[in-house]
Structure formats: structure tokens, C-alpha cells
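Next come two complexes, and both contain subunit A; in the first it sits with subunit B, in the second with subunit C.
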Partner chain A sequence: MANQKILIIGGGPGGLEVARGIAELGYEAVLVEKRDRLGGTPDEASYAALTPDLRPAEEALNEMIEPVVNHPNVEIMYNTLVHDAEGELGNFRVKALQLGKEVEIEAAAVIVCTGFTHFDPGRETQKYGYYEHDDVITLVDCEKMLKAGNFVRPSNGEKPKRVCFIQCVGSRDRQIGNEYCSKVCCGIASKQAIEIRQHVPDCKVYIFYIDMRMYGYWENEIYWPAQEKYKVNYIKGIATEILKKGDRLLVKGEDTTLRRPMEVPMDMVILSVGMEPSGGTKEMAKIFGLNQNKYGFIETTGGPLDTVSTNVPGVFAVGACTGPADLEDTVSMAGLAAMKAISAMRKLAPVSA
Partner chain B sequence: MPVDKNQIVEKEKVVVDGIELTAEWNRMFEQRVVADYDDSVLDRITSIAGAESLGWCYQCGQCVPVCPVDTVGGEYGPRKVYRKVQQGIDLLTDPDLWKCTTCANCLRVCPKAVNMIEIMPAVREEAVMEGEGVPEELQEAFENTFEYGNPLGESQRKRADWVKETGAEVPILKEIKKPVDVLWFVECYPAYHARGKEASAALAHIMNTLGVDYGILGTEEKCSCDSQRLAGETGLFEEFAEENIKTFGKYKFNKILVTDPHALNALRKEYPKYGGEYEVVHYTTFLAPLMKKLEFKNKLDYKVTFHDPCYLGRHNGEFEAPRQCIEALPGVELIEMWRCKANSYCCGGGGGGMWLDGFMADHVQERLSENRVKEAIETGADVLAVCCPYEVSRFEDAVKSTGNEGKLLVKDIAELIREAMG
Partner chain C sequence: MGLDLSMNKYADVPYEEKERLFNEVKADLRFHHALYGCYECGICVAACPSARFYDFSPRVIAQATAREDVDLIYTLMNDSIWDCSQCFSCDRCPRHNSPGMLITIMREVAVNNGLQTAKEALEGYGRIIYKIMSTGTQVSPDMLQPNAFPDWGPHVKDISDNLEWWRKALPPETLHTTETGWAVDDKTIIELYLIWHMTGVMDMIEEIDDGLHMILVDVMEEKLEEEGYDVSF
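And then the complex of A and B:
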């Protein structure tokens, strides 16, 4: 009889939702996670509140983790890294290292949920001086500070009076090689702007942008309240460079609707860094022979009508390992992948009703 | 060197040695680099009750092409106002505060519902209270209204003199001492302005012919003050509203008929807040269904184009009645201007604009009324029909100033009907 287990690689929101779905449908899942805990990037990078509903990330993740760790149908393998695979739909044999010990997992189907990594603003150019100026931080750094409830200038520990976000850092950039929009940064910057205004009410917050991409309900749930209720200033035109002037940062750019150059002093600058494929994503693509697009994300084959199938039958991909994705995308893809994996398995070994 | 703001000259047209400098060169007079965004100004302006929505603008720019002030080179529009204020320019002391005619064309297209019809009066009220930067001619209209009961500075005792002067037979409620069906609220320009009086006499003749049971308040009537309110004089508006409501209370009537769309707006939308709830109709709305009862002796042979008053059309939703009145006239061909009905252009008189012509001349390349008259002429019309008492004089002046004298007549719809009746 063919193997009836489904292997899930990655214990972030995508992997967790896949595992829950498979288990609740009465099938067995093996969830492999490289860290010693679940929760993925939102946990690892200490996200404070989720976008768009500003729900505490920890609380939401626990709600996802709890039904998985307690489900008899899910086996979780922590500290485990997949390094080799062979076989095909119905009969994958996957090799992994668990704390240095070789293990082999047999599975009928594989669902890759290895996510993304945040763009490193110092990787290609030093345009914004991320590694040069203490007070230039990223969305990720900001998220950590917000979670710690201590939003201060890294340079002197003081509460900032003026903070700006610069959008599209590492995204929509041919020279960097990331031509895509990272999809979530406009929403996350606006969400963080709201949180900064809540934490430090006398701090002025500015968002310098090319286009605000607040699709769907993010428009009225984040963007409009940020501007209308929290008085966040949106200014069209992103900064070109950041100079140090005294103990402040001078943000230089163009105010495009005024058609004038701007040189505005700021206490802190937050770079809205986008998404790139994680190391794990690139590694899994290689191991399973999955097609990658030019940016390194796993290519799904069905266009808009099938967002999880790959070129390898029986291997599916979920969430930000396929390209920029928000939580809504990831969780929705997870349900779809669980369904597709199970139906592929059932086609091989029909279950008598 | 810091730039002294008082030294900055912003003009739409600068001519040096006979050469006109474009706006591009003109901008060189401004400090070029944006050195700061002082959002305390935006905070302050949007904290004024009624002005909150200015802070909602997301710069889509839909308001600018439909703003009548920008159209005539006023470098204006809600989007631009937001940007200036966001930049730290104080709207309270900026000329922009007085450019808006409250025509509501921006609100019609604004996806964020930034409401200049509420923002402008609210911020202007602050300026009026602080006595800051209120243009002198507007101040004079306020003072005239306060002192004489009308912005023209005419004697209150003479408010019903038009009746005698024009030989019209008009019942005055104080004299007839009986309930009427219709109380005709004549309003200031129809009572005092030479061209207004002619239209009033025409309307009186029409009503008499139709056998309408009506009366006017005569010297008891006071300005509805809607435009003064929109120009920032809320106190004056409240005082006059209360007085007019008291006067209405002395008489029995079923409905109020107004000549002036601004009075329509005040009585219909604002007076209820002060306890005055009435059925209020504009005279064109009143006459449209009665047109078939009139006998017309004269065939007019006019090509007529019609200017929708902002406060009748966009503000109060009446687009059809004036057109029905015009189309009922024998021989008349109605030709529409391309900016008509909901997208109608503004004559420049609303929201205090009636008393800001001198001020506006410094900020625009041509008057709004001139822009509109040119459009009317382009349609090939002989007559520009109006039904707001601000418009006759504004458009007649514009016909002259654009060199079109003799090419276009400006007539109130009541005058056209009267003319056809013979």
C-alpha cells in the first residue's frame, strides 16, 4: 500500500495551516521545522502586530500552533533540515538531518512552506546608509522595537520626534534585480506608522512613497485610518539619499506633487524592505527539482487558477516561497494545497467509501 | 539666506519688459527646496469643527480639473490647498482661503468626500473671528448686511420699493392680513439690484396671471445670509435666520417660494437647525408644471443656453425644472453648454465670491463669469438664461469685458417667460 503521509516543510503560518487542514480531514502529516519552535518568520523576526488587523502576532500564532501540536495526526520534527529527496507522487523518500542525525521520511506528497527573507538594504547599494547610520532601520527592526514596547532612536535611546518611512526599498528595482512589488510593505509601513503614533503620540510620522499599494480592505482598514485618524503624512516621492547632519538625518528626495526638491530632517528613517526568497526556499527548489522564477521564488504552474501546484507532481508550494504574499494569501494557499495534496494521494490509492 | 515670506510675490502673470514670464519662471520667486513639513498647521486647521475632512485628501487630483477657480488660472483646488497646508502654509492667512466659491463640483468627484462646503466656512469663520486677512470688500458686504439687512447697503425701508417702481401688483403680507398659499421670499438682489427688480416684476406678472395666492414680506424680509455664512459670517447668519424665522411665524402660508437658489439652500437646509421647517421651492420648480397654463403671444426665436446655478443644481438637485420652463416657450431652442447640469461651471458669485471680485482679479487670469460667457457664445446661443439673481449682472459684465457686447443677451428665466407672454 502506498504511503499515506504528507510532508510539510516549514512551520510558519503556511505550514501550520496546511498541517491543521490535513489533520482535521483525517490524514497524517509530518511537519519538518528547522528551528526548535513553530511560528516561522513572524515569530523569528518578533513581529508585534499583524497586518491588517493589528492583532498581536504572538496571540494569533499561538492560535495557529495550538491545534497542530496537539493533534494526533501531526508529527512535528523540530531542528530538522531536509537535504535530499527522491521518488515521486505517492512515494517520496526525503532525507533530513535532525540535530546532526540522519533521518528518512516517507511521504505521498510534499508541501513546501519555506517562506521569504527580508531584503537586506545593504546588500546591493548603500544608498540609504543602513549599515552607516544607527537611526536608519528597517521594517523588521521597527517591528522588534514595537514588540518590546520601546520605540527609541538607536543612536541615543531617546524618543524620536520625527520619523519617516521610505517605501519600495529592495522592490520594484531593476538594478537590484527585484522588479516585483513586495505587496505588503505599504500596509506594514502604514500599520507601523499607526503603532508609532500610538506609542509616541507627539512623534510626527511621514511616509514617502511612489504609489500606495493598499489593495482591498487594506485601503480602508489601514491607509485611511493612518491618514485620517492618526495623522500620518503621506508624501509622494521617495527619498534618494540620507545624509547625517548633526545628530539628525537629512532625507533628500523630491516632493513630486509640489515638483520641488526636499531636504527634510528626521530623527529616524525606516526602510520599507520587501521580500526575497528565503535560503530554505531556494534549497528546497533545488532538492525537489522545482522550477524557480528569475528571482528565486518557486514557480507555481497554474497561473492565477492554481496557485500551489509545481512542475513536480505531488510537490506543492504555499505562501511567500512562491513570491510576495501576505498572511491572507498564505493561509488561503495552505487550504488549497492541503486539498490538492490529499486529492492527488486519493487518486493513487482510491479509498472505498 | 532665509526667505522673507512677505517678499515673495506670487502672481499668475508677470510681465517684464513686455515679455510674459511663465508660471515656471514665476516659481523661482519661491524658496525652491522643501526644508520641512510643518504639520502643526494641518493639525490646527483640521481640528476646526467642520474642517476635519481637509486632512483626508490622498492627492488623486480629481478635484482640480473641475475646480472653476483653477480653470481660470487660479492655481487652486482642494488637492492643492491640502498640499499647501500639509507643507505648513497657514490657510487662515493665505489668499487661498477666499478663492473657493463653494460651487461643490470638487465634492461631486471627490472619492474621499473632502468637503470644501464645510471646510471653507469653518476656516473662514476662524479668520473672521480673528479679524485676519478678510478681504476688505467682503468685510464691507458683511457690515452692510449687519447694518442694513442686505449686502448691497440699501435701506431696509426700501426693500419693497421695486413693487412700486416696476408697477407690479404684489400683495404684501402685512397689508393683506390673510393667509396665503405661497410666501414669496424675494431676497436682496431681486429686491434691490436694477436687473434683479426687472426679473422680480416679471415673476410677479407670471404669478398674477396664474392666479397664485401669494404675498411677500416686503420691508420685514431680511437677507437669508447663506453666502455670508459660507464666506465665514456664521454669527450674522444665525442672527438673521432667527429674525426671518420669527417673521415667518407671524404669517400663515403653505410654502415658501424663493427667487434665489442661495435662499433656497439656506431655508431648506440650514433654517431647520434653528427651528424653521418649511416647504421651500425655487420659482422654476414652482413654475415648471404650470407652464402649460400660460398663454404665449410672442414667439421668441432665440437660441437659448442655460447656466445651472450651483446652489440650485449641484447643491439642491434641481436640474430639470429650469429647462422645462425654457423649453415650454414658443420658438425657443435650448442648446446645452458642455459643462452643464451636475458638471455646470460656476459664475463665481457663490460662497462670498459676489463680494470678492476685486480680490479675485489679483489671483486669476480671467473671471469665472468671463470663462462661462465665452462657453455660452461658443454654443451659438443668442441668450444666456439664468435663474439665480447673482448671475444676471455678473454675466452681463462679462459679456462686455470679453468684447461680446451685442452677441449674447443675459436674461432671467422669468424675464423670458414674461417676454413670451407679451
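And then the complex of A and C:
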């Protein structure tokens, strides 16, 4: 009889939701995670609050983790890295290293949930000086500070009076090669701007943008409150350079809608870094023979009608390993992938219902 | 008037003074119904008749107030708000802002604080204000005299020269003159005087044009006394 297990690679929100779906439908899942804990990037990068509802990330992740770790249908393998695979739908044989020890996993289908990595601001083509100025940080750094409840200038430990975000760092940029929009940064920057205004009420917060992209309810759940209730200043125009001036930063750009050049002093600058495929995503694409697009994300084959199937029958991809994705996308794709993997498996070995 | 937003034109006016005026604008009860946040989309400018004739932008009014850009707001309060025709076409804003209402409030603050630019902007309207406030009715077309309204432009003289001829070309309902239904009855006049007195309009006039205020007070006090009211302005 064919193997009836489904292998899930990656224990972030996507992998967790896939595992829960498969287990609750009565099937068996093996969840492989390279770290010694679940939660993926939101956990690893110490996200403070989720976008758009500002729910504490830890609490939300625990809500996802708990039903998975306690489910008899899910086997979790921590500290495990997949390095080789063979076989086909109904009969994949996957080799992995668990703490240096070789293991083999047999599975009927595979769901890749290896996610993204944050763009490294050292590669941006402007002159923001992330590795030069202490007070130039990224969304990720800011998230850590907010989680620790200690939003201060890295250079001197003082509360900032003026802070700005610069959007689209590493996204929508032909020079860098990332022509896509990373989708979540507008919402996250606006969410963090709200949190900064809550933490440091007398701090002015600016967001320099190309265009704000908060679709659906993010509009009235984040964008409008940030602007109307928290008085975050949105200025259409992207900075090109950050200079040190005294103990502050000087941000150079254009206030486009008011048609005036802009040279404004800031205490801190937060770079809204976008998404790139994670190392694990690129690795899994190679191992399973999955098509990648020119940016390295795993290509799904069904266009808008099937967001999880890949060129390899029986291998599915979920969340930000396929391209920029927010939690809503990822969790929705996870349910779809669970359903598609199970139905592919059932077609091979029909069960009477 | 060219509106240069790239420089802080009134750099010599202390920031605290500009901030005080903006705080007065913000304290107005209507302010929070007139301003939410600004997309800077320009739909208000697209709808604005004044924007087609002047270097005027209701968008900049909303932007400046939404951003709380105190220096820019002060510049606008001096150099921009009097270019608005107060038609409220800008009320079609998707965020439900009303730049026109913001301007109403800014104008009132400008007048109440006696800004020199407000005095200059209203200078040409002294006669109209006098007519409306003393008689309770508007300037009637037959009052157009060659030198009556220099601020309305040189064509006023041409029009007044051939007034009869021009008026024949207009629809009949605009043919009112001082002879036809122009006078307002005493009861209404008294009520108007009392409203202007009690709501602070007379104080605004005093701030903006001392001479006009004196003339109006004379007219109003006499009338009110006749009717048995004891009002001191």
C-alpha cells in the first residue's frame, strides 16, 4: 500500500497551519524544522505584534503551535535539514540530517513552507548607510525593540524625537533586481509607526513612500488610524541619502506633492526592507526540482486559480516561499495545500468514504 | 499670487505665534469634521473652480493641516486662503475632508487675530459688508458706479457705462434694484443686528476694519435704541 504520510518542510505559520489541517482531517503529517523550535520567522525575528490587528505575535503563534504539537497525527522533527529527495507522488523518499544524523522520511506528498528572508539593506543602491549609522535600523530591528518595550536611539539610548520610515528598500527596484512589491512593508511600517507613537507620544513619525499599498481592510484598520488618530505623517517621496549631521541624521529626498526638496533631520531612520526567498526555499527548489522565478521564489503553476501546486506533481508550496505573502495569504494557502495534497493522495489510493 | 512652498516665507514670525494660531484653528468645533487624513490625491483640486484661475490648491490646505506643518499653515493663512471661493466643491473628498471648511475656520482665525493679509484681502469688500450688515440685503446691480469697486477690475467701468443695456441681456429674476423688493423689514433688521452683535461678528469687523466698525455701530445703535434695545457695542 502506498505511503499515506504528508511531509511538511518548515515550521512557520504556513507549515503549522498545513500540519493542523492535515491532522484534523485525520491524516498523518511529518513536520521538519531546521531550528529547535516552531514559529518560523515571526518567532526567530522576535515580531512584537502582528499586522493588521496588532495582536501579540507570541500569543498568536502559540495558538498555532499548540494544536500541532499536541496532535497524535503530527510527528515533529526539530533540528532537521532536508538535503536530498527522490521518488514521485505517492512515494517520495526524502533524506535529511537531524543533528548530524542521517534520517530518511517516506511521504506521499510534500508541502514546502520555507518562507522568506528579509532583504539585506547592505545591498540597497541608495546611500542609507545601514552598516554605517547606528541610528539607521530596519523593520526587523524595530520589531525587536518594540517587543522588548525599549524603543530608543541605538547610538545613545535616548528616546527619539523624530523618526522616519523609508519604504520599498530592496523592493520595486530594477537596479537591485527585485522588481516586485513585498506587499507587507506598508502595513508593517504603519503598524510600527502606530506603536512608536504609543510608546513615545511626543515623537514625530514620518513615512516616506512611493505609493502606500494597504489593500482591503488594511486600509481602514492600519492606514487611516495611523494617519488620523496617531498623526503619522505620510510623505510621497523616497529618500536617496542619509548623512550624519552632528548627533543626528539628515535625510535627503523630495516632498513630491508639495513640490519641494526635502532635507530633514531625524533621530532614527527605519528601512522598510522587503522579502527575498530564504536560503531554505532556494535549497528545497533545487532538491525537489521545482521551478523558480527570476527572483528565486518557487513558481506555482496555476496562476490565480491554484496558488500552491508546483511543476512537480505531489509537491506543493505555501506562503512566502512562493513570493511576498502576508499571514493571511500564508494561512489561506496552507489550508488549500493540505486539501490538495490529501486529494492527490486519495486519487492514488482511493478510500471508501 | 505665486505660492512658493519650497521656502518658509514668514521665517521672521516666531514659531510659537504660528503654533498659537494653528491651535486656535484646531480648537474650532468644526475642525475634526473637516479633516481626517489626506491621500494627497488631488480630487479637491480637480473639482475646485478657484484652482483654475489662481495658484491655489485645496489639497495643500488639507495636506498642511493633516501634517500639522505649522510654518506652511501660516503661509497658507496669509497667502492662499483668500483665493478660495467657498463653493465647497472640494467636499467630494474620499476621506470626507472639507478643505473649504478648513479655510472657513482659518479665515475666521485670520480675521479674529487681525492678520494684515486678512485686512488687505477684505479691503475691497468694506462696501459690501457695510451694505449687507446695515441694510440686511446685498449690493444691488444699480449700485454699480464707475469707481465703486476698483478691486473688481477695470471692466466694472465699462459695465456701469452701459448698465441698462447689459441688464436687458440677463434673466429677469436678477433684475432687482434698490426699487424692487430690496428693503428688509424692521423686525428682520433688528434680529440681524442682534445676531451680529451676540455672535461676535461685530468684534471681527472691529479687528479687520476700525472705520467700518464705527459706521456700523452708529447705524445699529440708533436703530436698536429706537426699538427699545439697550445694546452697547
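Definition applied: the second predicted complex is superposed on the first by the 350 of 353 C-alpha atoms of A that agree within 3 Å, B and C clash if a C-alpha of one lies under 4 Å from a C-alpha of the other, contacts with A are read in each partner's own complex, and residues count from 1 in each chain.
We adopt the following convention: a contact is a pair of C-beta atoms (placed from the backbone, for glycine too) under 8 Å apart; a residue touches a chain by one contact, two chains touch by 3 or more.
Here the structure is a predicted model, which is why all the values come from computation and not from measurement.
Visitor: Could you check whether subunit B and subunit C clash or fit when both are placed on subunit A?
Guide: In the arrangement built by aligning on subunit A, the partners subunit C and subunit B clash.
Visitor: Which partner does A:128 reach: the first (subunit B), the second (subunit C), both, or neither?
Guide: neither
Visitor: Per the contact definition in the header, classify A:227: touching subunit B only (first), subunit C only (second), both, or neither.
Guide: Both subunit B and subunit C are touched by A:227.
Visitor: Looking at subunit A, does subunit C or subunit B touch more of its residues?
Guide: Touching more residues of subunit A than the other partner does is B.
Visitor: Please work out whether A:297 is in contact with subunit B alone, subunit C alone, both, or neither, and reply first, second, both or neither.
Guide: A:297: touches no partner chain.
Visitor: Report for A:264: first if it touches subunit B alone, second if subunit C alone, otherwise both or neither.
Guide: After superposing on A, A:264 lies in contact with subunit B but is clear of subunit C.
Visitor: Running through the overlay: 202-210, 220-228 or 256-264 are the candidate stretches of subunit B; which one clashes with subunit C?
Guide: For subunit B, the listed stretch overlapping subunit C after superposition is 220-228.
Visitor: Please report the subunit A residues shared by its interface with subunit B and its interface with subunit C.
Guide: Overlap of subunit B and subunit C footprints on subunit A: residues 224, 227-228, 231, 233-236, 257-258, 260-261.
Visitor: Which stretch or stretches of subunit C touch subunit A in the complex?
Guide: Counting only subunit C, the residues touching subunit A are 5-6, 36-38, 40, 59-60, 63, 66-68, 72, 95.
Visitor: Once bound in the complex, which stretches of subunit A touch subunit C?
Guide: 224, 227-228, 231, 233-236, 257-261
Visitor: In the complex, go through subunit B and note every residue touching subunit A.
Guide: 32-37, 39, 42-43, 46, 55-56, 58-59, 79, 83, 86-87, 112
Visitor: Under the definition above, what is the set of subunit A residues touching subunit B in their complex?
Guide: Listed in rising order, the residues of subunit A that touch subunit B are 204, 206, 212, 223-224, 227-228, 231, 233-236, 255, 257-258, 260-265.
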